[in-house]
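Here chain A shows up in two complexes: once beside chain B, once beside chain C.
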Partner chain A sequence: MLRMSALLGICVLSLLTAPAGAKGDEQVTSFTLDNGMEVVVIEDHRAPVVVHMVWYRAGSADEPRGVSGVAHFLEHLLFKGTETLEPGEFSKTVAENGGSDNAFTSLDYTGYFQRVAADRLGLMMQMEADRMVKLQIGPEDILTEREVIIEERNQRVENNPGALFREQRNAALYMNHPYGTPIIGWRHEMETLDLDDALAFYRQYYAPNNAVLIVAGDVTPDGVRALAEQHYGPLPANPDLAPRQRVEEPAHLAERRMVFRDPRVAQPYVTRSYLAPERDPGAQETAAALTLLAEVLGGGQTSVLTQALQFEAQTAVYAGAFYDATSLDDTSFGLIVVPAAGVSLEQAEAEMDRVIAEFLDTGIDAAQLERIKFQIKAQQIYARDDIDRLARRYGNALTSGLTIADVQAWPDVLQAVTEEDILAAARQVFDRTRSVTGYLMGDDLTEVMQ
Partner chain B sequence: MKTFVLTLALMLGAVTARAEMVIQEVTSPGGIKAWLVEEPTIPFVSLELRFKGGASLDAPGKRGATNLMVGLLEEGAAGMDARGFAEAAEAIAARLSFDVGDDTVAVSASFLTETQDEAVRLLRAALVEPAFEPQALERVRAQVLSSVRSDLKDPDAIASAAFDAMLFGDHPYGSPYEGTEASVAALTRDDIVAAHRAALARDRVYVSAAGDISAEALGTLLDALLSDLPQTGAPMPQPVEVVTEGGVTVIPFDTPQSVAVFGHAGMDRHHPDFFAAYVMNEILGGSGFEARLMEEVREKRGLTYGVYSYLVPKDHAALYMGRVASANDRIAETVAVIRAEWERMARDAVGEAELERAKTYLTGAYPLRFDSNRAIARILVGMQLDDLTPEYVTTRNARIAALTVDDLRRVAAELVRPEALHFVVVGQPVGLEGGVIGQ
Partner chain C sequence: MLRMSALLGICVLSLLTAPAGAKGDEQVTSFTLDNGMEVVVIEDHRAPVVVHMVWYRAGSADEPRGVSGVAHFLEHLLFKGTETLEPGEFSKTVAENGGSDNAFTSLDYTGYFQRVAADRLGLMMQMEADRMVKLQIGPEDILTEREVIIEERNQRVENNPGALFREQRNAALYMNHPYGTPIIGWRHEMETLDLDDALAFYRQYYAPNNAVLIVAGDVTPDGVRALAEQHYGPLPANPDLAPRQRVEEPAHLAERRMVFRDPRVAQPYVTRSYLAPERDPGAQETAAALTLLAEVLGGGQTSVLTQALQFEAQTAVYAGAFYDATSLDDTSFGLIVVPAAGVSLEQAEAEMDRVIAEFLDTGIDAAQLERIKFQIKAQQIYARDDIDRLARRYGNALTSGLTIADVQAWPDVLQAVTEEDILAAARQVFDRTRSVTGYLMGDDLTEVMQ
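Up next, the complex of A and B:
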């Protein structure tokens, strides 16, 4: 497991504009407790506030088959009491200290956070350490909370045809890997989740050697280290924690196409999702090229798809490109076109493919690439105004197989990307046999023919 | 003329020296007022502008004009077409956003210290010299129409629109500010020019800034940015009284989870009991997991993922509203539980311990809000819209701490009115008695 005794004091993000860099950069320090718990401290002394987060390297993609949604269900249950805290007492205590708290579950991680006055950090650690190992829940908590997550699914997914469409699309893109299963779970499996399912996941993954502690705000590394050793230090590591090894995708040999009809759809659209590589530790170059590709193709008013389809041909009311670089396993690269009135989805798709083909032929406007790179530099300055987001950036990366060094190298890796890198990455990813094309449409058959 | 500055050092949280925040009241040489918190740590500035009036200034028959106008501000100005404008903003990494609401047009800008002058020139072009080119008008109109059509099939939007129509009828508050398919389709370039002239004027602008800029520099910036706007805009709409009858209106819509919007008349932001009402609502339906509605509807019964109530003091009407969603076969129970909580609050108000908990939370959470340039700029401009003074930051917690159970009892008896609480439910609710209106 990860064991580092030396304090890695690192001053991050060498800003590329000289006057900016002179004005005090974000301060990031990291170390690891003896039980394997990784700690990241981000200093920002402008306000007496702290964000305290614990991220587990366990998300929905780590669930056993048949109990989809259990990672998210467990996240809800962690507010339901421990051997020392009554149900609801955790959040109540945070609120009584003027703070707010919540949690989130994703494919690769589950995170818990509180935002409080900096002098309450110790209390937050005490309670978070407590529920890492002393969860105590009864059968009645399970039943009520299961109703809550089903209502959450109703609200987020069942009431929203676009969300149902995304679920179906992911399931089609990933033929074997668990990223094809929704984070919130398939409804029929959520309905049978029980206490044993939740506790099995808890015992396997909730341990200090599977957790990342992130503290951001008006704190010092020494102060955080002392409190972390006091509260998290005594927790035992889980010796049975195995490296995360998910099942892999087989060769993709057939392009997949789907049509999803729902009478609640007023505005049809077409999407194309390609399986794509993600950032890997020490090897982020391809992901950086794909990040810039998404910007070049769909990042705002001057991007290639927007200019060609919204401004020139006027066949779209919206066009865009999406890529999530930070992921433990293979991620996806997406394109979307929302056709203008009177344009069919078939025409919209043909237009999308025409523009991509022309783009691969003609290459990238140097001025556009320069503007994008300047915005990435500026983003490093703006990002320092938002400690929650900085904290999440580290948490997301460290639970997706990356290291702090990778996070800190990322801006430079992005700056080093060339036009050739972007075009090469595009040619590698735009392979129809590794893609899903989806049409989302109403149930009115005539609209396709318009 | 020089920039005039009035400085006020405010102790936030009153615990540490770091918690001191200095609000400067700046008057530019040209007479434009702004609040500033100078914070040079990070080399950028957050600037917030609010123009009072917003979409409620739409002329009769021109619903959606202000919204479409605001959508066009960054689509070409001062000799630049839409692409030219976007390229210029990207080249200096300025972040400009333009938004509209019932009562305001909101402009948010973040720009790097090193590119400040270019950013201000660009923002001025958008605000003062927008081109409203016919091509851009058609492109943005198509986007708005797409969104209007989507709202007609979205249960959340349907519920809000029906509730507003019921309360406000022909007043601008009574219809979505995006407009209808027919009204948006009929808008001409002249309508957009008129909406611009009506909404963006100096007599209604409120300004705040936080970040790497001095008071002197802000004064110069404001004159460059705003002095060419017209002095006066369109008159504000008339106030409107909120009258509801208790009951349920069902709007049939084929979806598995019913969405409910509920409410009745609220309280004006300037009412002396507004603080008491605010704290009372925190206890009844605030955003924490401890609020009574969350406890009774979600935690105890598992009927929903989220239920909230909130005071909505608009400029020309005051509402007390809430929102919830439950599966079609469970929404009736949800509505019954919310009604019961409304009755309990009206009858018994709140207990001593409950009030103390809410006060501790609200007073403790307040200083935590001021944690970034962006947040500070937003808070400061919001305070100005509410006619508050900078001292409010130092007195706010004391006023909350001084509230008693009797204050909350008085305000609960006046404000919380179960007999007037009306629910608009969109879905296929089972077992809900009430009037049904067609979709």
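Up next, the complex of A and C:
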């Protein structure tokens, strides 16, 4: 099956969601069906289209030990048949109705969406409800689709030294928590995924009381409620759904470093990843400060690292900072420097640390902070015009432990961040004992670290 | 309870077992009870004493995710009462009969043993069989004994920078496999261990078909069989015991390094740990070569690292090599150099790598290898006189996936190792992408790595 499966990594997500968060001006209504299914309606009547999304509170970090990749595997299998739909009929029907559909798996959620004409919403719900509880897959589906996900891993990871590097780095960053396991799965475990693994995950997590329905577009809350009650209402809740709780990290006491050498690497770089707190319900201040810290340090041409390393010292061809605020458990704050020709990774790292130390010492330029806040505000206003993105923002937050109130408060929390908040958050997070420094490099021996 | 709980780390184990392995000259008989309990009898009639051991094929690496430490916790709880024994009565009875008892938990097993006059064997079996299936523990036992194991962690780990260092290093070495989790448990998980966790582990793993009984001393196989059938024979097998299978490591692609700083460290050192194969049933050759490699490189005054770094270059005050051959899954091969005054850890590491590279280049001194093999043979002969150690050797092997035949073949496998075998094994294992290099150092900033 050649559809574009959107297996999302942390970096991609951060670009999509970190600086966003509309100011609560979007028209959002929410309610819960009797079977526990949460429903969010985002009205946008500019065009007669609708985005229909079902998000499950189940991602790769909810997988049992030893079956990594099963969340994403199941996402693929949901496009096989059900008791009433032939294999492939789901996407074919969406296309025949002029729509498009896709799905995505991340650490904390799995989501399915369609974008269609608003009058087709009932049909989408009917089909999505059908595959929530009536999936029919057999051994032959397992064999063929397992080849597909392994090939997907080949393309996205094995053939991409940067992706392999990130996998090894996440494994080094997390000592206990499943965020250290790749979303797509460890290859040797993917190769043994079977029907029982997929069905066990399906039966445990695919149920209305573990799902969030997001409908955005030319709809009314009453209209959505009527259709949702008709299609999703009859589905039984899973009475055995346990509270979502993952293992936690032990104390991180030792700074870690890693060197990944691959002859395919033409452009070496250095990264630093710190374990970092995420947005918590009702307590988003530190995450907001870190979101702004990433912008101040690495968000574009006027940022601290870019100015100091690309323009002043000219020791880097790129410098950046990354932070994904929206996550169920502790996330990471990342720095990257791609050195200029003739600059070693050691020098690049030393330069990075020098600039960060100076930044902590001299503080933040008030005009830069105002400019960043203004840009964020502008992005939030533009973002309101993108219903896919709005719908994703709510789905991502609600499957990451946050509430609608948190989503709507987020823009104000971001605007309220002060220079002192950012420096305090930076001092809290920039603790080398809770970090991994990674060197990605080619096999050229002149680059060898020691 | 102040008994000496023998929580064994890999290093300690390697000293006990790696160079041992008697030449099969000990009188060993084995049989299996109808309920699946494996019995090994080692006859030694020099003194009227007996060592009675029950080993369960369940160690810390068999714990479910998130309840680390429960195997060791349960070991403690087994000294609480049963339906017929008062709390503490077990050890009191052993002592009143002139014996001593203890227990130990490792990655792959949990063991209980008593050493008593041979005519008390039946009493030992009666009590051990009793607590295998009739443990009675309540919430108050959990509360008090949980304090004990947390205090044990304080004493053994938190107050010992070297132990904290080893924990963080093992977590960095293993990306997926539970050997990355400490035997005693992560502190934050130990603090939440409860009655259900302990009983679940007990019910799953404490059963005759998951146990190995080792009786060594002034006994006959027929006598042991009669007593074992009387006391252990009536216990029901656990029909739900699953084959023992842990998650495996993904490909290790990036060399890892870590720096652990602690103001309590007076003497810094550098370690290198490589993922390494272990003894497999019927295939012990590589493990034997690695056992000899550890001796050649770091086993005493004439070893390669000691000679080169302590005596010739005088850059080290200690240098060693460690390898624990007996393990259910992939184990590690370790190097350590403690630098002399004025020598930095970077220099010590570079010296270590220089000596290893020279060793791989120049090969092994034939006289040294012969001397080591002779020493091993002598140790094996002496070891036969130590029935505790003999019994442990069988228990350790049989709970680590090996057979009696493997234990008895081991001395010959060791003696058959050639110089080429050792160099081939060294080249296989000394792959930096499968390694963690660790620096343990004080807070003195003059030592800082970069």
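Descriptive notes on the structure:
Convention: the second predicted complex is superposed on the first by the 421 of 450 C-alpha atoms of A that agree within 3 Å, B and C clash if a C-alpha of one lies under 4 Å from a C-alpha of the other, contacts with A are read in each partner's own complex, and residues count from 1 in each chain.
Keep in mind that, in the parts below, a contact is a pair of C-beta atoms (placed from the backbone, for glycine too) under 8 Å apart; a residue touches a chain by one contact, two chains touch by 3 or more.
Bear in mind that the values here come from a model prediction, so they are computed numbers and not experimental data.
Superposition model on chain A: chain B and chain C are shown accommodated side by side without a clash. With both structures placed on the common chain, the touch criterion links A:Q155 to chain B but leaves chain C unconnected. By the touch criterion stated above, A:G98 is placed in contact with chain B alone, chain C being left untouched.
Once the two complexes are laid over each other on the shared chain, residue contacts for A:Q126 go to neither chain B nor chain C. Residue by residue along chain A, chain B and chain C are tallied for touches, and B comes out ahead. In the superposition on chain A, A:E255 makes contact with chain C only, not with chain B.
Look at A:R115: by the touch rule set out above, it reaches chain B but stays clear of chain C.
In the superposition on chain A, contact of A:R384 is made with chain B only, not with chain C.
Within the superposed three-chain model, A:Q408 lies out of touch with both chain B and chain C [touch as defined at top].
Using the contact criterion defined above for the overlaid structures, shared-chain residue A:A172 touches chain C, although it does not reach chain B.
Taken over all C-alpha pairs, chain B and chain C come no nearer than 14 Å in the superposed arrangement. Shared interface residues of chain A, touching chain B in one complex and chain C in the other, do not exist.
Those residues of chain A that touch chain B in the shared complex are 17, 19-20, 23-24, 45-49, 79, 87-88, 91-92, 95-100, 115-117, 119, 143-152, 154-156, 158-159, 217-218, 263-267, 300-302, 307, 310-311, 314, 317-318, 338, 340-341, 367, 371-372, 374-375, 377-379, 381-382, 384-387. Partner chain A is touched in their complex by these residues of chain B: 12-13, 15-16, 18-19, 39-44, 46, 82-83, 86-87, 90-93, 95, 110, 112-114, 139, 142-143, 145-146, 149-155, 254-257, 259, 287-290, 295, 298-306, 325-327, 330, 357, 360-368, 370-374.
For chain C in complex with chain A, the residues that touch the partner chain are 65-66, 164-165, 167-169, 171-172, 175-176, 180-181, 186-189, 246-248, 250-262, 346, 349-350, 432-433, 438, 450.
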